[in-house]
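Once you've had a glance at the structure underneath, I'll fire off some questions.
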Amino acid sequence: MTQENFMVKSLGKTNIVSPLLQTVRNYSPLYKFVGEEERILYDVSLENFKNCLEKKEEPLSFEKAGPRDHIFFEPAKTKVGIVTCGGLCPGLNNVIRSLVFELYYRYGVTRILGIKYGYEGLVAKYNHPVLELTPQMVSNIHLSGGSFLGSSRGNQDVGQIVDTLEILNINILFCIGGDGTLRGAHAIHEEISKRKLKIAVAGIPKTIDNDISFIEKSFGFETAFSIANDIIRNAHNEASGAYNGIALVKLMGRDSGFIAAHAALAIQEVNFVLIPEMSFDLYGQRGFLKILRKRLEERHHAVIVVAEGAGQDFFDKSEQVKDASGNIKHKDIGVYLKEKISEEFTEKGFPFSIRYIDPSYIIRSAPANPNDSKFCNLLAQNAVHAAMAGKTDFVVGYWSNLFTLIPIPLATSQRKKIDINDELWWHVLEATGQPSSMKNP
Amino acid sequence: MTQENFMVKSLGKTNIVSPLLQTVRNYSPLYKFVGEEERILYDVSLENFKNCLEKKEEPLSFEKAGPRDHIFFEPAKTKVGIVTCGGLCPGLNNVIRSLVFELYYRYGVTRILGIKYGYEGLVAKYNHPVLELTPQMVSNIHLSGGSFLGSSRGNQDVGQIVDTLEILNINILFCIGGDGTLRGAHAIHEEISKRKLKIAVAGIPKTIDNDISFIEKSFGFETAFSIANDIIRNAHNEASGAYNGIALVKLMGRDSGFIAAHAALAIQEVNFVLIPEMSFDLYGQRGFLKILRKRLEERHHAVIVVAEGAGQDFFDKSEQVKDASGNIKHKDIGVYLKEKISEEFTEKGFPFSIRYIDPSYIIRSAPANPNDSKFCNLLAQNAVHAAMAGKTDFVVGYWSNLFTLIPIPLATSQRKKIDINDELWWHVLEATGQPSSMKNP
Amino acid sequence: MTQENFMVKSLGKTNIVSPLLQTVRNYSPLYKFVGEEERILYDVSLENFKNCLEKKEEPLSFEKAGPRDHIFFEPAKTKVGIVTCGGLCPGLNNVIRSLVFELYYRYGVTRILGIKYGYEGLVAKYNHPVLELTPQMVSNIHLSGGSFLGSSRGNQDVGQIVDTLEILNINILFCIGGDGTLRGAHAIHEEISKRKLKIAVAGIPKTIDNDISFIEKSFGFETAFSIANDIIRNAHNEASGAYNGIALVKLMGRDSGFIAAHAALAIQEVNFVLIPEMSFDLYGQRGFLKILRKRLEERHHAVIVVAEGAGQDFFDKSEQVKDASGNIKHKDIGVYLKEKISEEFTEKGFPFSIRYIDPSYIIRSAPANPNDSKFCNLLAQNAVHAAMAGKTDFVVGYWSNLFTLIPIPLATSQRKKIDINDELWWHVLEATGQPSSMKNP
Amino acid sequence: MTQENFMVKSLGKTNIVSPLLQTVRNYSPLYKFVGEEERILYDVSLENFKNCLEKKEEPLSFEKAGPRDHIFFEPAKTKVGIVTCGGLCPGLNNVIRSLVFELYYRYGVTRILGIKYGYEGLVAKYNHPVLELTPQMVSNIHLSGGSFLGSSRGNQDVGQIVDTLEILNINILFCIGGDGTLRGAHAIHEEISKRKLKIAVAGIPKTIDNDISFIEKSFGFETAFSIANDIIRNAHNEASGAYNGIALVKLMGRDSGFIAAHAALAIQEVNFVLIPEMSFDLYGQRGFLKILRKRLEERHHAVIVVAEGAGQDFFDKSEQVKDASGNIKHKDIGVYLKEKISEEFTEKGFPFSIRYIDPSYIIRSAPANPNDSKFCNLLAQNAVHAAMAGKTDFVVGYWSNLFTLIPIPLATSQRKKIDINDELWWHVLEATGQPSSMKNP
């Protein structure tokens, strides 16, 4: 990983003064626009400083997001497209609404197209209509979850997409989506470059699992584990309402267990958190079933939270299938665990009662909570600032509590995962009391 | 059905002045205690009045609940048991808490036992501990859903239960539970009568489905359809977030579709409500799948709510099994519909996307909303008034917005169901726009 | 009060078959339309029934609401106005939305005008615009509180209003408002009659205080006391967070203390409820301040809920002023109590801490909860049924859990109040533990 | 500001192996305990880094919080006190609960005292009882807001406090409170040092205003602006429900406007945010009243959010008074603005309607939301780690999304404020559309 990977591309420079600048400088001459050279450290440890000092090396850093005093696109001549792709995530409508508000009211860009049903809406054959978005039209959409524009999974032919962008005269395309969507956005950018077009591609990273690298938190994640928190509270009631009652809650987390971990940290009433990053055995002296039984014998109820990607090594890899977005479709570890627990305890004549709860769609389609709403609004504003300034092939990131700009290839280079030897996971172990390993020696 | 069936049994009369009376009469000499003769009409139509007038017949009526000026049990010598049975329902903890508060603070009954895990807790072999309940211990339990005492399904040996009541010296047993529990309570009462004991059995009817006859509403029902309302709102987001998106929500409603119907009336965004009371076809010109497809072609999304007991005629009766409480375990109509919809549209090459949501355990284990909390508190207070006055083999009911007392056998004589030729269902049809019949001729 | 007062006026009879009937009869030949003669008893006690039987007197009864098989107005030629007046109340937008949906989708009435800012919008000089309402326009308004149409207080010149109705060719005017608004609606009806116009005036009673007589519950009331419940819970935290902490919450309730009473019944953590119906002393042996101090000495915190109309006899009547709607503007009993408590305890050197909370505007402007939403929807549907059938000068009521039709003059003839010698208030005393009188002898 | 100011004090070193270490090393030999030398950079800009590199100067840094492998206090012999001081803040009970859980379950410290009513509880003359805290006792306290221990404002005699600590044999005192409380905690530490006692003083910074320097966010702050968000939503309904309707919401923010700013960023429906950091005029061409009127003329409603400390220059400084904690008691800017707006518009004959909403106590006493709950839990765990390791005179901080340890004098050295020339405030201007200055030239 070199600093080169951290540098965001630009369509070029112009002398257009930002409309923001014109407004603000009249009254707030001290206002700090963000300079091109402003950057945020990637590694904030003192140790890294010392290493750099020793090696006389510049540390890795991110470009700081924010309004620039000069922009690339002339607002009156700019046309913008917005597309949402992949699964639902709380906050999509806040992002759409804030993009429209910022473009319209702050930059004076009035031609804003809403692309329907994800990348499908940019491919002729699907024949989906295009929406002309106005502030009035989107002013209340954030009160609902879901996506006002609709979404779809899977990538589409990049050539056809860029054809559509050309036909629609779009200058900036905002792509709100996850890993697959961003890879798609990068491919669109490549095709645009090949055709030598001046179209900016701006990504707004969407991952309810919070698993995009180099980004501290993604929108919707907090809402997700907050709703999970409430559902686990009720699940705990189910568990303690029966003798040896077990509540088993499956949460999102395809490759990373952040939602499960944070929900457990918030509620402090979960007894077992099972995540993709931690391999575990079911049987044997230190296997999960033995430890679960011990817990039940002592306290007569147990709450288990399992991330959807956990325990996939129990399944035969050869049977794996992928969904339209190219993500591996996981075998259902929740259903599997429910069966195995029931089997084991029934066989051993151990009285129990189990409730299995899978709230995934309830969570994904909820509206964003206020903190996520704020985050979405600022993400969108920063995406507009950067795109209007001519940045392209970038996503808006967040690091050390500051908004950053990140090249799409960097953001999609790897998944962020929980390090089970580090602080976050240890906090989970403290919160649950579960053993730090459930593998037999 | 004769008036005889509406008459509540009593353990007898004494001259003990109610402690409430002593307090209240000092200051509020006009206060209206409830007289033995006060009754509420069962049929409130003018037509019934006219019929009675013509036939010179007294109309059917319920005993009015409320504080009596004289009571049967001497508070200082009274010992009380409280038991919760069957599945969870919002408000159980409110009822427990209010029983304890009312007994302790208003009547001065300080010996209150909490029976653990339903009727199991009254049978020696399970060896569950008994809790001595105090106001302090229960003062915050209503903030959580579930049952503070735990619950279990199924009836237990009535002889052993009454043995335990005798051993524990219990004078009043409050049974909070559904149809099965109340039949059990009646059996306990019969055994008590046979043994000529002076033990009152008081029922507090619990049915999240709101399907107990002669009772307008049961506690937890409003909370249930209110949470369902929010879940359907999100499901609607899932549906409209995809092209031809379908959200299929399965709600509680074993024999009666009240939760599904009321949720649909509250949110007014459901397109199809399927309930046990309404038989429907899947295939054919007027079958559900044809109508669903038409809806999707017009609006590109659809929200379906199905009660768990709907469409059971699609399944083979011979395979029916019963749960521990003796209720028929339904085949999963939600999963079945999801399969049949997917099958049909896939076969016909009709693009669609379906999300199946089963929030049952999330709803059952939630805490009661404020209106249900109030209702629980008043139910409990009225149960205490009646039991202290020596009533037995009764449940507290609710009719024309007033609390009533009903013999248990009457309350369990039949299920309350939606009349699909009457107002409530018609309102649902207005709210959904679904056709009034989906049966082929 | 005679049966005459209970009879709703009608514009006459026609032979137009209800569009509902045409739809429904095809499929549900058994469907029960409501007959003109169907009525609901006012007094549901057996005692009253017997008295009437004896005297061979017909008991007082309400007309049952619901769809009629024949209607008065021809849908294609009908134009409708909707106006909201007075203070905000949760559910206004649900009512507006359901009126539009029912008129448009069920009866085929497509010309629906939204009148802006209450009766002002029907008077030329204010020059407020008129909105043409469509289902699409109102489909999400229920997600917000407030009134989509805006509101205003006070009545306007009836002649000018009816002029406007004539100019706009309005056939049905739906007036959603409280006591004053309904008196205004009645005056409009009188003027219409005088001019021999065929315009129906339909009232939908709005009173957050739930104080309209002959109506069991009004929309928004449940939402109001439910939000109050949550605010009191937090107020209780404020009280118990300080030594001798007092939380004083002022709630709505100009003439009737229903909100205060029901909130206290729901939360069961209030120590004192003060309402307009109960006169009390501040000083003296049995005065409120003495009893409050006693409570603090025992438990070191206290929660007081006071309805805005309570304790008005502490103020000089001669200073009373009225608001634009003609309601007496109350002196602020909350502020007064806070001062008197502080004065007394400071003077006596009794350590204390007091928090005063006045959440009125937070409550009035909230969206309706699911049960209120359902209620609003059904109110609106029944208002449309009745108005389309030619009923006029009526409000939709609710009695014994059934929707009724009531002449406006009956509904505005008196305020509904809490009877402090009856059940509801006694339940409050049980829930609070406050003495049944705080008057010195 | 030198690095010296950033160094946390320690009671010394021992060879006691952390009980956590013993547990974890068996199973997770790779687990990363936090080393004494691990530090987090204060300034995360690349620019500062380069400056330091150039000057070969070590940048300012914070000590990293987290579990140490060796601790100072022997768990079995350790006795702990917990005290909460100052005003209420969401999350207090989560902190108390997590301190108890962490001490009890993870470190085996079983003697934990809850001090009642703030520092008063450590002074003999108040005679408040001391609570012996167990995990069971605190297991549900986080479901309520407020402080389970009670609180009080103002400092007490330090000598008497340390006397009490000695009498109670307390080894660690956890002080949860704001600026004043932490200064008090520092004074306690000084007295302890003077007496050469081995008592650790650990601070957990509480400021609902989020105004403690060197700490990115404080617990309860997110919950506060989130509740404010919902209240503003309703206030917006009040405003738009009337012609030229104004909703004026006063929020917390004595010296810093973070709550007002973040609430406005979250909801994006506020038209004016007034904060202490921004001076403004009422009258004149660029004064607030002129701009407000313009807004009303264009849109006919306006939402104003004012922080309690805003506009204090309108008041006469000589009249300032201080509360028990030594904070300046502000004149009520909310009431003042309401009066001035009403005065101005009434005088000018401009029709308007204004609603004033002051939700302060509703917000302070609410329970923490899930993200704040998580934050409180981790704060508490880190406070225990540090205190058990012998750190003293410190608070737990949060920087670049990592928990840190900060000397109390540093944390109380200055207030954190909004820089009105920087990003956050600019985002607010973008979100509101208000001019960047409302001062006349």
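Letters A, B, C and D mark the chains as written, and numbering starts fresh at 1 in each.
What we mean here is this: a contact is a pair of C-beta atoms (placed from the backbone, for glycine too) under 8 Å apart; a residue touches a chain by one contact, two chains touch by 3 or more.
Owing to the predicted nature of the structure, the values given are computational and were not obtained by experimental measurement.
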With centres defined as the mean of C-alpha atoms, identify the chain lying farthest from chain B. D
With contacts counted as defined, which of the two, B-D or A-B, has more C-beta pairs across the interface? A-B
Distance from the mean Cα position of chain B to that of chain A, given in whole angstrom: 42
With chain centres taken as the means of their Cα atoms, state the distance from chain B to chain D in Å. 45
Approximately how many whole Å separate the CA-defined centres of chain A and chain D? 29
Where in chain B do residues touch two or more of the other chains? 144
Chain A partner, complex, touching residues on chain C are 140, 143-144
What residues of chain A sit close enough to touch chain B in their complex? 88, 117, 120, 128, 144-147, 150-152, 231, 233-238, 240-243, 245, 247, 355-359, 361-362, 364-366
Quick one: in the complex, what on chain C touches chain B? 23-24, 27-28, 30-32, 34, 37-41, 44-47, 49-50, 52-53, 56, 58-59, 61, 66-67, 97-98, 101-102, 105-106, 142, 216, 222, 225-226, 229-230, 262-263, 265-268, 369-371, 373-374, 377-378, 381, 400-402, 420-423, 426-427, 429-431, 433, 435-437
